[in-house]
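Both complexes below contain chain A, partnered by chain B and then by chain C.
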Partner chain A sequence: MKFERYGIGIAKGLRVTIKHLFHHPVTVQYPEQRLNPSRRTRGNELIWDRTKCTGCATCAKTCPQGVIKIITSVSTEENKYVVEKFEVDTGYCIFCGLCVEACPYEALFMGYAYERAKYRRGELVQANEMLGASPERRPSGYMHPEIAAQLPRQTLLLERITEEE
Partner chain B sequence: MALRTEPFVLNVGPVHPSTHGVFRMRATLDGEVIVNIEPVFGYLHRGIEKLAEERTYSGIIPLTDRLDYLASMSNNLAYVLAVEKLAEIEVPERAEYLRVIMVELQRIASHLIGVGSFLNDCGAFFTPFLYMFREREKVVDMLDMVSGQRLTYNYMRIGGVSQDIPDEFLPALDKFLKQMPGFIDEYDQLLKENEILLARAKGVGILPKELAINISASGPVLRGSGVKWDIRKADPYSVYDRFEFDIPTGTVGDCYDRYRVRVEEMRQSLRIIKQAMEQLPPGAVRSEVPHLLRPPVGEAYGHIESPKGELGFYLVSDNSIAPYRCHIRAPSLINLTALRDMMIGWKIADAIIIFGSIDVCMGEIDR
Partner chain C sequence: MTILNFNLNSIQYWQTLPPDWPGEFWWHWLVFTVIIIGFVLLLVMGFIYIERRGMGRMQARLGPNRTGPFGLLQPVADAIKILLKEDIVPTKADKLVHWLAPVIAFAPVLMVFAVVPFQNGAVLADLNIGILYVVAISSVTTVGIFMAGWGSSNKYSLLGAMRSVAAVVSYEIPLVLTIASVVLIVGSLSLNQIVLAQDIPFILLQPLGFLLYFIAGCAEINRSPFDLFEADSEIVAGFHTEYSGMKFALFYLAEYAEALAISAIITTLFLAGWRGPLLPPWLWFTLKVIIVFFVMVWTRTTLPRVRIDQLMALAWKFLLPLALINLLITGIEVLTLPAALPWVMILANFAIMVLLVLLWSKFFRLGGGRVEV
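Then we have the complex of A and B:
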């Protein structure tokens, strides 16, 4: 192969690299600095609203992994199902969000938080009260636009880069 | 005195940084020159085709995310197109446009990784790769905004898409469309004329036109060999017949041509997104589909032009809630059949570049 202008191409490329040297870094120092995740983020474990759940088990039928287990009993005086146990094995959950989408009573939510490491494997199987919402376990706006409107705006790299330049 | 020589078998992989996953090549070498190559795969086999036979039609969509994990949206689209063909489901206009926007964004993201890792294999160690990852991050941010996850989107549904785009999506997309051409120019400036890249990639790993057609290669591998074949034009699915775009092709079919085809395709994708954004109609994004879909007895094949080539889903229905058979035509696997013909006669260092230029994804090969 014959090269005529040897080195010109490399010099052109290096110019780009040197230009990048003076750009502001776009990375953040994670545990101290945090970016806002998407408002629809499908993070953390499922969040379950006991008051709205009727025990119809649509979520359990929809789940592709089969990780939702529901045990109900019949209450004769109120003439409806009572949910005795709602159990999710989050170790097998793939966070596809199909259960949230399928729930006809809006009793299921995906979580907004994203740090879900546990010390023991047994803690991954969560049932009843463990699945309720709390300040640490905020529901995300996935399939719930009214919740999405209250969550902070997602930080986009797209916007951060233009602001700095 | 002549030295007695004999062929030497070198094992590349399965755990090797330049095999893009868990791919193994058993190379028989004569000195440094490859005389035979034997691809070995199956290290990532999860049995997705079999698993699909016992899941409902909507439950398979998350499985397809895990095929070519760099282009989940494209996999979702290919699958839902096959189901819609099987069950004859109409898709709202807005959903079709959203699908096109998402899939083209995904093509940009996938090509950025394809090009970046190819340049990485060429020896431009991680500098271009990180620049491209930064651009990909913007695409991933946008897809995350829409679907809620960064890699396994699970966004397409049978009969539409899962949810409408949020309000902040279109301004972000507009900004991206303005920025991205400048960045593609920057990559061109970075390496297009680089003499080292030219010396390493030009004329290396030539895939002749006839051979490319004979092995039914598709995607940038086929187009790099100079064949003007793109399913978006040849058999338009979704609303691709309404957009204006070109099919970039190479001339020789070497690694450099395949790399150029990918870069040019990113520009064409931007063109498509721009047109789709302008034409985006209002309305519903999802048609009413029964929860447990039971398509009529029959079979259907839905195929799309995924970033890596022709991705097809062949579904057979027996009128139950799960498909009787689901076969996946993975472009990476079919393109990989050219590997042996492209590699023989080249040195072991070139083998890495040739493999990188095919841009395979192991999740798709092993399934």
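Then we have the complex of A and C:
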């Protein structure tokens, strides 16, 4: 005899809710508690390594949005391209990560940070030294397993870990 | 009448006034009015806290936890916020009705507590028609709600108010019938005497009655899953769509005070009121009220809102027949069973409850096809 139509559903539902009452809540109280994002996250800003970049502009070609602008000049004494300007309009970036995947010299990284909001639209256009890595702008492990290995493990809500900065 | 060994001789239910009480009636009136208002306001704040935190935890959230320790001051913060808001009256509103509605909705709820005993004899007025008075006075709230809906001159308000009236009228019937079966066992309408008669809590003697009363009570006071008078996904906020500021606060207060009133009456009728070992009676009473309210919050979190046709079908096809049968069976038991055998009645009533609920669930159908309401 099946009891599906005899109020057993209500009893089951009541059991679920009362169980939840004694579970740990999954809420993260954001400004005080933060979760570690995925180690391979495609975070908010591109990070560019000037020393590794050769100015080949592969990244600019792969970018579906045409966001990356790169201006190079030829240095005759060193016999190579010198990057004069590397500019990214983050406002148009769709964080697809194609530029990072395309870069043959591993000079581009996705960002690991996620709190990089700006007050002015102009601040979204970043160029040259602004794109370098810094403690606030750590590179993410996207396409770079060696970086991913050094980043902290991602916290899952299920594991009840809430990392405090 | 008394089928259980109720031992009525030892009951001193005319203890409403201590013999040396100064000023007699008016002091009694003043003290108990203050106690009741304090009790209602305090417990309403507690209820809001329990509801928001408890519901939050049941949904794996935290609930409000920013104001004061553990978010305890959240109701206070809410109240201050609401009181500081502008009081907006729609241009086309019926001003007088719009203004009067929250008062009429709230005052009767407070009046219910006049007959609820906090401990033996500790009542504002130990009316010998106590429970009848409760039923009568708690229906007046509906008038306030309908006035709010009508006076707002807003289609959503009016829809919510009409739903409210329809539902309350329907659910009043099983509600009163279950009360009648309790009264049948006790042989008195006085709430104090009903409590004194409960050597065994009536939830055991009247399990079906308790179930029906709980469902009908929840429906009567717009608790979810029957909160479709203020179903925010359908009709904005129902009858209090056009209310803000202090008037809205009164409706909000009335909503929780009603929940408190129903919890208090369930406690009195089925859970032996203030009676209990060790702890002082008023504490027992408060504890039981809070437990009943917690069950309301629990069902609210669990169940989705019903449709209006489901609401009506539940009242007329499920609750009403069961309440009638329950009344009949109780009557037969009171007449035939010997007073010394409450356990026979308890077992029989539990068996009958399970049987009836299963049977009625089997035959319960909603109207086929299109339903016009």
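The definition used in the following text is that the second predicted complex is superposed on the first by the 151 of 165 C-alpha atoms of A that agree within 3 Å, B and C clash if a C-alpha of one lies under 4 Å from a C-alpha of the other, contacts with A are read in each partner's own complex, and residues count from 1 in each chain.
We take it that contacts are C-beta pairs under 8 Å (C-beta built on N, C-alpha and C of every residue); 3 or more make two chains touch, one makes a residue touch a chain.
Since the model is a prediction, treat every value here as computed from it, not as a measurement.
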item: Chain B versus chain C as contact partner of A:Phe95, first or second or both or neither; value: first
item: First, second, both or neither for A:Gly7, with chain B first and chain C second; value: both
item: Partner chain(s) touched by A:Pro25 [first = chain B, second = chain C, both, neither]; value: second
item: Contacts of A:Leu156 with chain B and chain C, given as first, second, both or neither; value: first
item: Which superposed partner A:Arg40 touches (first chain B, second chain C, both, neither); value: first
item: First, second, both or neither for A:Thr17, with chain B first and chain C second; value: both
item: Touching partner for A:Tyr142 - first (chain B), second (chain C), both, neither; value: first
item: Contacts of A:Ala117 with chain B and chain C, given as first, second, both or neither; value: neither
item: Doubly contacted chain A residues - partners chain C and chain B; value: 6-7, 10, 13, 16-17, 20, 26
item: Touch list for chain C against partner chain A, complex; value: 54, 56-62, 298-299, 301-303, 357-358, 361-362
item: Chain B partner contacts - residues on chain A that touch it in the complex; value: 1, 3, 6-10, 12-13, 15-17, 20, 26, 37-42, 58, 61-64, 94-98, 101-102, 110, 140, 142-143, 145, 148, 153-154, 156-159, 161-162
item: In the complex, chain B residues that touch chain A; value: 55-56, 58-63, 65, 127, 131, 134, 137-138, 141-142, 144-149, 152, 154, 162-163, 166, 168, 172, 175-176, 179, 186, 189-199, 202-203, 291-292
item: Chain A to chain C touching residues, read off their complex; value: 5-7, 10, 13-14, 16-18, 20-21, 23, 25-27, 29
